[in-house]
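You will see two complexes here that share chain A, one where it goes with chain B and one where it goes with chain C.
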Partner chain A sequence: MNQQGTVLDTVSDLGPSRRAKFTRRVLPFIIMAVLLIVIPMLGPSRTALSLLNAIGINIVFALSFNILLGQTGLLSFGHAVYFGLGGYTAMHAMNWIEYADGGFWGSYPMFALPLVGFAGGAFAGALIGWPSCRRAGIPFSMISLGIAELVAATGLIFVSFFGGEEGITGDRMNGVEMFGLNLGQVHQVYWFIAFWTFVGTVAMYAFTRTPLGRLTQAVRDNPQRVEFVGYDPQQVRYLAFIASGGFAGLAGGMSAVNYEIFTPEALSLAPSGLVILMAYIGGIRYFAGPILGAILLTYMQTNLSDFSEAWLLYLGLLFIAMVLFAPGGLAGVVIDVTNRLGKPGAVQQFVKGLVAVATGMIAFFGVVILIEIAVRLTNGHGEVFQPFGIGLPSTSLMSWAIGVCLVAIGVFGLKFTTKQVGER
Partner chain B sequence: MSEPPVLSLRDVKKDFGPAKVIQGVTLDIAPGERHAIIGPNGAGKSTLFNLISGLYRPTSGEITLRGKTISGVKPYRINRMGLSRSFQVSNIFSNMSVRENVRCGVLYSMGYGYNFWRNIGNLIPVQEKTVEILDSVGLIDKADQSAALLAYADQRTLEIAITIASGADVVLMDEPTAGMSHSETDRAIALIKKATQGKTLLIVEHDMGVVFGLSDRISVLVYGEVIATGLPEEIRNNALVREAYLGDEAELPGVEA
Partner chain C sequence: METIVFSLLNGIIYGLLLFMLSSGLTLIFSMMGILNFAHASFYMLGAYFAYSIGSVTGFWVALFLAPVLVGVAGAAVERFGLRRLHAEGHVAELLFTFGLAYIIEEIVKIVWGKIAVPYKVPAALDFPLFELFGSQYPAYRIFMLVVSLAMLFALWYLLKRTRIGLIIQAALTHPNMVAHLGHNVQRIFMLVFAAGCALAGLAGVIGGNYLVTEPSMAFTIGPIVFVVVVVGGMGSLEGAFIASLLIGIMQTFAISVDATFSDLFGWLGLSASSELGGISIPSLAPTLPYLLLVLMLMFRPRGLMGAREF
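Entry: the complex of A and B
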């Protein structure tokens, strides 16, 4: 009796306290919900809303990818396959809803279309995961690449399902309405996207807290030991793969409603690569990492591409810089900075950090100049790069010299400051 | 011993290419027995454990657990049949906390399998069992530490904790005290004794004091062959064993016995 009592007492003592549980596991989601509700009150423009919608889709997509990479340790080069197949399934369902007369699809609300996407993605995951998850590591990655190529090619061949190069279109303003939303205007779609981004994020976080979710981490770290505590690592990978495919399909369903079109391009290697960058730049070791990555990269994709035709180059540079200097991604940087803030010497470190950032910016600015004048030299439009109104003609040696000098100053400055930080 | 053996090896052989590492081992382990495997380095003790626990498939021969063939069966299935093992080199989940490590060992045996709809934090029986194990091995104070940051001896203890967590009734321990100090060894052995009460224990151990103090029977493995099996006294007095392994008398503890 007595012993029973002590054991039970320790159960409640062990693990994080209620307070810690709340601040770590519940509060972030309350903040997220509040943000999602407050944003439309700030009166964002239509462009801002469509950017936000794109961000929501990519958040779910990147989080679903990280179930594989961050959680289970599987690097897939073909994650867009599940996004695309889920999205196509949803797209077809959108048309079934439109042309249904009664029956299941007649009473199916358009708002719930992402669930169809989830089913499509999970089904694709269950089929493709079966051979893929027999191996982990590099073989898994290679198989995922092969499958990505295969499905992308299939997308162009099976016209009846994928609609050929034009893809498949639909009309989201059909079917039963939910929450009084007819999904006509972009701000109505915003609520739809916000709802599913929130649901998807909460569901994927909850997944990490289940026995299976914990086991995926065990399999990532030590698959051999997992076998000796009664679990089949292959089975754990397979189930994680299905879950990941399902949530990618959910994102696909969100995308189907948002854009009302799906083309085989959605299955291709380009979005598969982009989702890797989103997760990695955001930080794959943290649940929130891919969210940050999705926000930044979607923003860059829509805004930077207007500003410079070399935006993919900047994306590549950002990725390389992250891999080299901040392997924990944006989330890692945020956590590192907050950890240091409370410690003694924080102010000094902060100043040093600022100096390092400033010198880094100088180098970065030099790189921008070099890239931009190089682009203008080769694209033949004959325009002149004019940062802050200073004309830097591509043909003038001076422009190149300025770029090189800035890079040199930045790099040396960075070396000098980081060295000093290291010596302390 | 009229009771049927719980674990039985019949002429088990294992080759790695040309190397014949296990050359026909036949061994019966009775239920509830504490059985030590001793032998010089490279004799094949760990390989034998790897064969029994399913990591390797025997080249020939048969292994049965309670009458069922387990040679060639996957490790996780053997584990589910109630056989658990520890590793000579600590094999833990280093990115997890001590508590999570033990919880991984507990989960399957508590029937949660690949559950993906329940919050692990709300599985009270799992938490209780985890706490009980942590308490019994003396790691309760370090429950929330990262396993990677544990001191060496504590990592070894955690290895034992994961192994006994499922409550398997056949337990294989591969040099559980390797690298521990004297006092740590004593504590670990006391712990193993307590945790395997009423269970079958197969243990590889180099410390002869421990071996002769702990085991009901001992088998001596040399070059992949069992050259003797018997009660501790029989082994101590076996001429072959002395010649092949124990060497000079000075190494033999318990002359007082």
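Entry: the complex of A and C
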């Protein structure tokens, strides 16, 4: 009896301490909440605020996607279907609120519209999920692709629900006000987005902590064993699929309020592809990964596209580089660096890492030069690429030689330095 | 009668084009487990290479040179990209080829521009071959038919009647045993990948001027090729052949049928003025392959001729 007690004690000691639990599970959310509250106090411009709103929507969308890819191991090529269907449901609800004559929609606050989106996305997930979740892996990906194409095509056929190519529009300044927000100005919308981003993030994290959330990871890693223990992997996948669809719908509802318009393009393959890039570049193995990815890619999407026509090419290269060299994504890189910092010989490693990064940057500059002069050679505007005021005319052989040389130096240097870091 | 004959002919030609694309994909898929998302991008590269080479040397040199170049590009992708990822699992490989499809499209946009290039049917084949029911039939389509059938025969001969084909077939199912017998399985994989890409390139060369050569052509046809592979069944060239023809004929027929839902289901009380009744069959044509895919995966996941579920 006594012995059993000590065994149990040691087992409980193996779990994280209260402090570790607090710093790992609660503190990040407190920091997030503080950040969300502090940002508007810095007096951001209207453009900055609308960028932040777009980021918030994408954070929820990318996190919902990661319930499938990162947690359950299901690669979906059509996740925008749930975003779009949830968003369309919310958009219709927005119009019902506007023309409501009392009744349920008459007293429904516009602020809670994302909940309608959640319901719409979860319902779509429940309908489509069952046949899709029979198998994981490539069959699942293929079904998701087929369904995405089907839904995108129906989006243009059924005009009464999807509104044809123009989509459907609404007005968010209706219905009952909540928290004194009439959602008129962009800073009011910011509070709306911030609230739902926070709620969505906390809810999705809470989902990973539930027994179901734990089981999804087991299904990802070893479905046979899960079946052996007595759970049905298809059912677990299905439930995760519904949850993921619901949260994607939540993001759709946020988007409906933010933009006040939804077009069938929101259902198409392009946003589905973008969310894959966001989640993967951020890091699908960590809960916070997709958040990083959503922030980076939304920023790139709005700002980099002003600088370069070829921004999608940079995005693709970044994605491929991540798949090949850093499968943990940005979050993985950050965690790897912080883990190594505390170890002996950290300074030495850090210096070597810096050298590797520097050589990597040389190669990157070379690639940028090559891409940019190629763009300017073929687009026919006749501009000259001028990094740091140095003119690199596209027609001169010299510019091409510089680009190729930089790439060669960088790649060679990278091979040399990474070898050393690996050997330690 | 006239529509039926023409649709059948066009459908067969389109189906054979699809088969040329899907045969390489099926081989690669069944051998390495890689569903190459960028496969249609190699088809696009074939068309663009043929356009550029053809404008210097003429069509006939491009017909041979462009697929070879595409094959070399495919070999490089396998050697320097996919081989590194093999240990990471199939999802990583799928993601890699997905990113590759993005990159190839963007590079094509930079090099050849964002709008379609004037890749034309060669003058030597630009004439009506015969007249049927008062309409002329272009010779180039028959040329496509001939090239596709020649490719089909060559592939069949290579796989079923030569020693190389024997080794490839063995490597499909028993890669370890083949390696023990002293064959370099990695190199076989690379060669099959290159050959599959070259076939896609050939499809691009003869399909690019029949359809249209533009940066979005890969994303238009790519998903349909997946449908063919899945419907045909994993690793089954025969299945891919039947599925290609089925989808090709189905799509061309749906386009030529001048009817709406209300014409078909009017006896159920569906009126022509209702939204569902007003949907025309041609407008549904692009969705038919995907409908087939979803139904197939739900009710017969191993496909038409697949030996096992995948």
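We take it that the second predicted complex is superposed on the first by the 409 of 424 C-alpha atoms of A that agree within 3 Å, B and C clash if a C-alpha of one lies under 4 Å from a C-alpha of the other, contacts with A are read in each partner's own complex, and residues count from 1 in each chain.
Here, a residue touches a chain if its C-beta (ideal position, glycine included) is under 8 Å from a C-beta of that chain, and two chains touch if they have at least 3 such contacts.
The model shown is predicted, which means the values in this text are computed figures rather than measured ones.
Peer 1: Once chain A of both complexes is superposed, is A:L215 in touch with chain B (first), chain C (second), both, or neither?
Peer 2: First partner only.
Peer 1: Kindly classify A:A326 by the partners it touches after superposition: chain B alone (first), chain C alone (second), both, or neither?
Peer 2: Touch status of A:A326: no partner.
Peer 1: As a test of reading the superposition: which chain, chain B or chain C, is in touch with more residues of chain A?
Peer 2: Of chain B and chain C, more residues of chain A lie in contact with C.
Peer 1: Between chain B (first) and chain C (second), which, if any, makes contact with A:I147: first, second, both or neither?
Peer 2: Once the two structures are laid over each other on A, A:I147 reaches chain C alone.
Peer 1: Contact-wise, after the overlay, does A:A206 reach chain B, chain C, both or neither (first, second, both, neither)?
Peer 2: A:A206 sits against chain B, while chain C stays out of touch.
Peer 1: So, A:I157: does it touch chain B (first), chain C (second), both, or neither?
Peer 2: In the superposed model, A:I157 contacts chain C only, not chain B.
Peer 1: Show me the chain A residues, by the header's touch rule, that chain B contacts in one structure and chain C contacts in the other.
Peer 2: Touching chain B and chain C on chain A: no residues.
Peer 1: Could you list, by residue number, the parts of chain C that touch chain A in their complex?
Peer 2: Touch residues, chain C against chain A: 33, 35, 81, 84-85, 88, 90-92, 94-96, 98-100, 102-103, 106-107, 110-113, 219, 223, 226-227, 230, 275, 279, 283-284, 286-287, 290-291, 293-294, 297-298, 301, 309-310.
Peer 1: Which residues of chain B touch chain A once you look at their complex with the stated criterion?
Peer 2: Interface residues on the chain B side: 53-55, 74-76, 79-80, 84-85, 87, 91-96, 99-100, 103-105, 107-109, 112-121, 123-124, 127-128, 131-132, 135, 140, 143-144, 162, 165-166.
Peer 1: Quick one: which bits of chain A touch chain C in the complex? Just the residue numbers, please.
Peer 2: Per the touch definition, chain A meets chain C at residues 73, 75, 131, 134-135, 137-139, 141-143, 145-147, 149-150, 153-154, 157-160, 269, 273, 276-277, 280, 309-310, 312-313, 315-317, 319-320, 323-324, 327, 371, 374-375, 378-379.
Peer 1: Inside the complex, what are the residues of chain A that reach chain B?
Peer 2: 7-8, 10-11, 14-15, 21, 206-207, 209-215, 217-218, 221-222, 224-232, 235-236, 239, 243
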